[in-house]
Amino acid sequence: MIRFDNVSKRYPGGHEALTNVSFHLPRGQMAYLTGHSGAGKSTLLKLIALIERPTRGNLLLDGVNLSQVSNHKVPYVRRNIGIIFQNHHLLYDRSVFDNVAMPLIIAGYQHREIGKRVRAALDQVGLLSKEKCEPITLSGGEQQRVGIARAIVHKPPLLLADEPTGNLDPELSRDIMQLFERFNQVGVTVLIASHDLDLIQQMGKPVISLSQGMLVHNDLQEVADVTL
Amino acid sequence: MIRFDNVSKRYPGGHEALTNVSFHLPRGQMAYLTGHSGAGKSTLLKLIALIERPTRGNLLLDGVNLSQVSNHKVPYVRRNIGIIFQNHHLLYDRSVFDNVAMPLIIAGYQHREIGKRVRAALDQVGLLSKEKCEPITLSGGEQQRVGIARAIVHKPPLLLADEPTGNLDPELSRDIMQLFERFNQVGVTVLIASHDLDLIQQMGKPVISLSQGMLVHNDLQEVADVTL
Amino acid sequence: MSRSEANRQARNAPFKAYWIHHLRTLIASLGMLSRHPLSSFMTTAVIAIALALPTTMYAALNNLSQVSIGWDNSAQISLFLRPEITEKQARALMAKLKLYDDIDSVKLIPKDLALREFQKTSGFGEALEQLGKNPLPHVIEVKPVIDQSRPDKINHLIKQLGQLKQVDLAQLDLQWVKRLYAMLEIAHKGIWMISILLGLAVLLVVGNTIRLDIQNRQEEIKVIKLIGATNAFIRRPFLYTGFWYGLSGGLLAWILSAFSVGLLADSVDRLALLYTSDFQLSGLSFAEAMTLIGFSCFLGLAGSWLAVSRQLNDIEPS
Amino acid sequence: MSRSEANRQARNAPFKAYWIHHLRTLIASLGMLSRHPLSSFMTTAVIAIALALPTTMYAALNNLSQVSIGWDNSAQISLFLRPEITEKQARALMAKLKLYDDIDSVKLIPKDLALREFQKTSGFGEALEQLGKNPLPHVIEVKPVIDQSRPDKINHLIKQLGQLKQVDLAQLDLQWVKRLYAMLEIAHKGIWMISILLGLAVLLVVGNTIRLDIQNRQEEIKVIKLIGATNAFIRRPFLYTGFWYGLSGGLLAWILSAFSVGLLADSVDRLALLYTSDFQLSGLSFAEAMTLIGFSCFLGLAGSWLAVSRQLNDIEPS
């Protein structure tokens, strides 16, 4: 599903956030991405979602070389990805319902369908009662969960999550991770950047680790060997 | 230093975020505040910093009843508090240095003094090299650390931190907590809202727990008994 | 994957859904505006005033050309006929003159009438009475058709008339005409200049207002784009917002301009009376008002298009 | 606590520090503007154009009153003296008239001169030559001082002059004066109305522009307030921003208006020649320009004050 091939990313300031990163995340696989603060985790996820473009190397998503996707086509790539952003990125001028409905509206779903799916997604993150609230009136963890609901509402084949449990208590964090696991069980490919090493260990999924922009640990190689 | 006396907070929407909370945090004490997502931790900290006002009950800070502080006097109360916000609240149109220098500029420090203190604060959170960066180009954890540096730069007698390590890796989280501990050792009163129960346990400081806006656990009573 | 197929089916909803989405966005953008009534009204008012000024100016200009027709009536050529010409011959000449393209109307002042009038108005009554016979010739007053764009035409007409064998002298109060033209030139130049300034102002004000309004929603644009919206989708609500601003601004401009014209009408009526002209100050015609509102809507749309496009370009991946 | 004492010492820095902070903020706000040159320029341009319009209008109004003095010269009273009055007596009367407050200037047209001129211009040359003696009286042309606010005064003067024993008839081209007044009334009403519209526009445009500009920085205001800044501290950079907008907008408005006046000057010169007036179209005086710029700065300051205060009130704790 996702193949990094010697990918490097240098930001305009001159800082090289990723250096020669190569790995392959097969379709239907779930994996964790760890690394110290500033290691390049968010950058890696941004490259997959075409929020940034690599400076060097090739990045294949579902067989498509992303450097050949024109700006014009970017939205259609993103629609097949559910993204949970590290800083939530909610729309503060509309209700929780409208926030979560946004990917469905963009994809042109019908009105009835939208209501059903949005409520299902909100229920999964435990926020059904906050449907009509403004995001600004939610607690930090509640906002984060709205972001999660928005990422899963259109049931994308790929889910990218950047620190999805940073503002959640341990119990809720485990619930959310299990939610991702359930998604994975029905075929969704999942990549989660997280610091919560204890929780990651409990989940028992392959881990990729970055340090200073370089890949220092990769469980996926073994996975690939096994699946081959 | 901080005394809650049957404090309740009901938000305009009708939701009661805190119900009859009473506790006393003595001067020079360090304590943790825990609770599930939406329990009211941020609300409690906001009441102390006069970002919200209690609906019922009395809140004394340093002997001053905060309900008697007029809007006009609020800034002077806040200057004696270092606040780390759950969502960073950085100024995205100026550099990291300028962000951290802000509390000093507000308090009217001299230019030379400012440079020295800002660099000391940035050094303590490991961001001395990012001094000239724009916050938008920092990783999530780096932004959080800029917020921490800003809260400690003017060495306030009271430090409030809302989820200060949500975006940090375990190692860095421990470093930051130890930084707060060092502050506490020189007399600063510290109150930290956090989900990281493991880390809290390691630190061995009193804990207050909230659930659905009610105080369900309070180690401070014992502390008070001991200090009496 | 059966889920993705189901998705596709739900997505390929009847074409109707597309239009329903459009309508929703149209109404939603109106709702958005009405949630911030003060700032929406201020923006609308700025657009309206910026538009009302050149509109009123245009109405005034429109009217000015009518007024200047009134003024032209004051410019007349006096044909002093040769003393030997009889009244009958004079009337024959008059009939001939009426056929000239360049001549609007003619009027004969028989010499007897002229003398009486002259005695009355000149103050030379006594002196002239001492004259045995009437020294005055018949006079034909010619009102030329004045083509504002070709002041030389009138000179040509005068020359032509002066060469008629019946005519002793063709005279024009040239001074008056020159003054008229000078004034018209200033008025035209002034209006032309003010129109340019105002045109610039309208574009700038409307553009800038919508630009700033949209800049406030930069974050929103970014977020929607990040979750897979196309540029067209993002632009739509802003275009509708621009359209609403344009529509309400245009309507308000129409009202303002009608009100201004009404205020002026009184004074103009009095002036018109002095020129014994049946001229009436008129506001915008319905077609003109529609043009104004259409233009205003266009400005609103174009302004928001430009503003959003700039923001969209800023967030392309690099 | 010894640390807090040390803090206090560092804080109680010499008073100079306060002014240095002011200066820093002033320059920092300028730097902020220059970092977004396009949007800063657009906002400045909008303010400038909004100000340039009433300024140019004001200059025009200023000039119009001079022009209308030129026009007034055209309005004159002809005093036809009694036939028996000699040229010497006429000169004596003239000297007396010169002392009248209401009279601007007088000019004697002796009867011989009048006849010659009349022959030349009237076309009655032949007819008049047949007259043995000059039937014309001496004429004194009186240019009245025209008080625009009191058109009845001129009628009073005419009556007064007509009653002089030397005067046979005092006559005024009243029609011309009436037209002049009607035109002036329209011009005044129009300018008054346009000024009101423009004044409103300036306030709205400047206020709205600065409001929208500051709304973009709502988040910034909130954050600075949360870390203990007083309202005065928060307002300061915005006030300076408003000041810079006002200053640059005012300067640009001055330039625009000078340019506009320059464009008009040509035509006006020609008109002035026709009235043999030495009238010259002038732009703003230095003092007026300073007033314009001062007003512009005031608007910028007031606009940002209001806009920031509204934002500040929105984030008080409740």
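The letters A, B, C and D name the chains in turn, as written, and every chain counts its residues from 1.
The rule is simple: contacts are C-beta pairs under 8 Å (C-beta built on N, C-alpha and C of every residue); 3 or more make two chains touch, one makes a residue touch a chain.
All values reported here derive from a predicted model rather than from experimental measurement.
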Chain C and chain A - chains in contact with each: none
Distance-maximising chain from chain A - centres being C-alpha averages: D
Distance between the CA centroids of chain A and chain D (whole Å) is 65
Using mean C-alpha positions as chain centres, tell me how far chain C is from chain D in Å, no decimals. 24
Per the C-alpha means, the centres of chain A and chain B lie apart by a whole-Å value of 30
Residues of chain C touching at least two other chains: none
Per-residue overlap in chain A, given as positions that touch at least 2 other chains: none
Among line, ring, star, complete and other, which best matches the way these chains touch? ring
According to the definition of touch, which chains form touching pairs? A-B, A-C, B-D, C-D
Spell out the residues on chain A that touch chain C in their complex, using ranges where they run on. 12, 49-53, 71, 74-79, 81, 83, 85, 89-93, 102-103, 105-111, 113, 150, 154-155, 157, 186-187
Help me check something: in the complex, which residues belonging to chain C touch chain A? 1, 3-4, 7, 10-11, 13, 17-18, 20-21, 32, 217, 219-220, 222-231, 233, 316-318
Give every residue of chain B touching chain A within the complex, in rising order. 11, 13, 15, 34-38, 41-42, 86-88, 133, 137-142, 145, 162-163, 166-173, 195, 197-198
Footprint of chain D on chain C - complex, ascending: 39, 42-43, 45-46, 49-50, 52-53, 56, 60, 80, 83, 123-124, 126-128, 130-131, 135-137, 168-169, 171, 175, 178-179, 182-183, 185-186, 189-190, 193-194, 197-198, 200-201, 204-205, 207-209, 211-213, 215-216, 256, 260, 263-264, 267-268, 270-271, 274-275
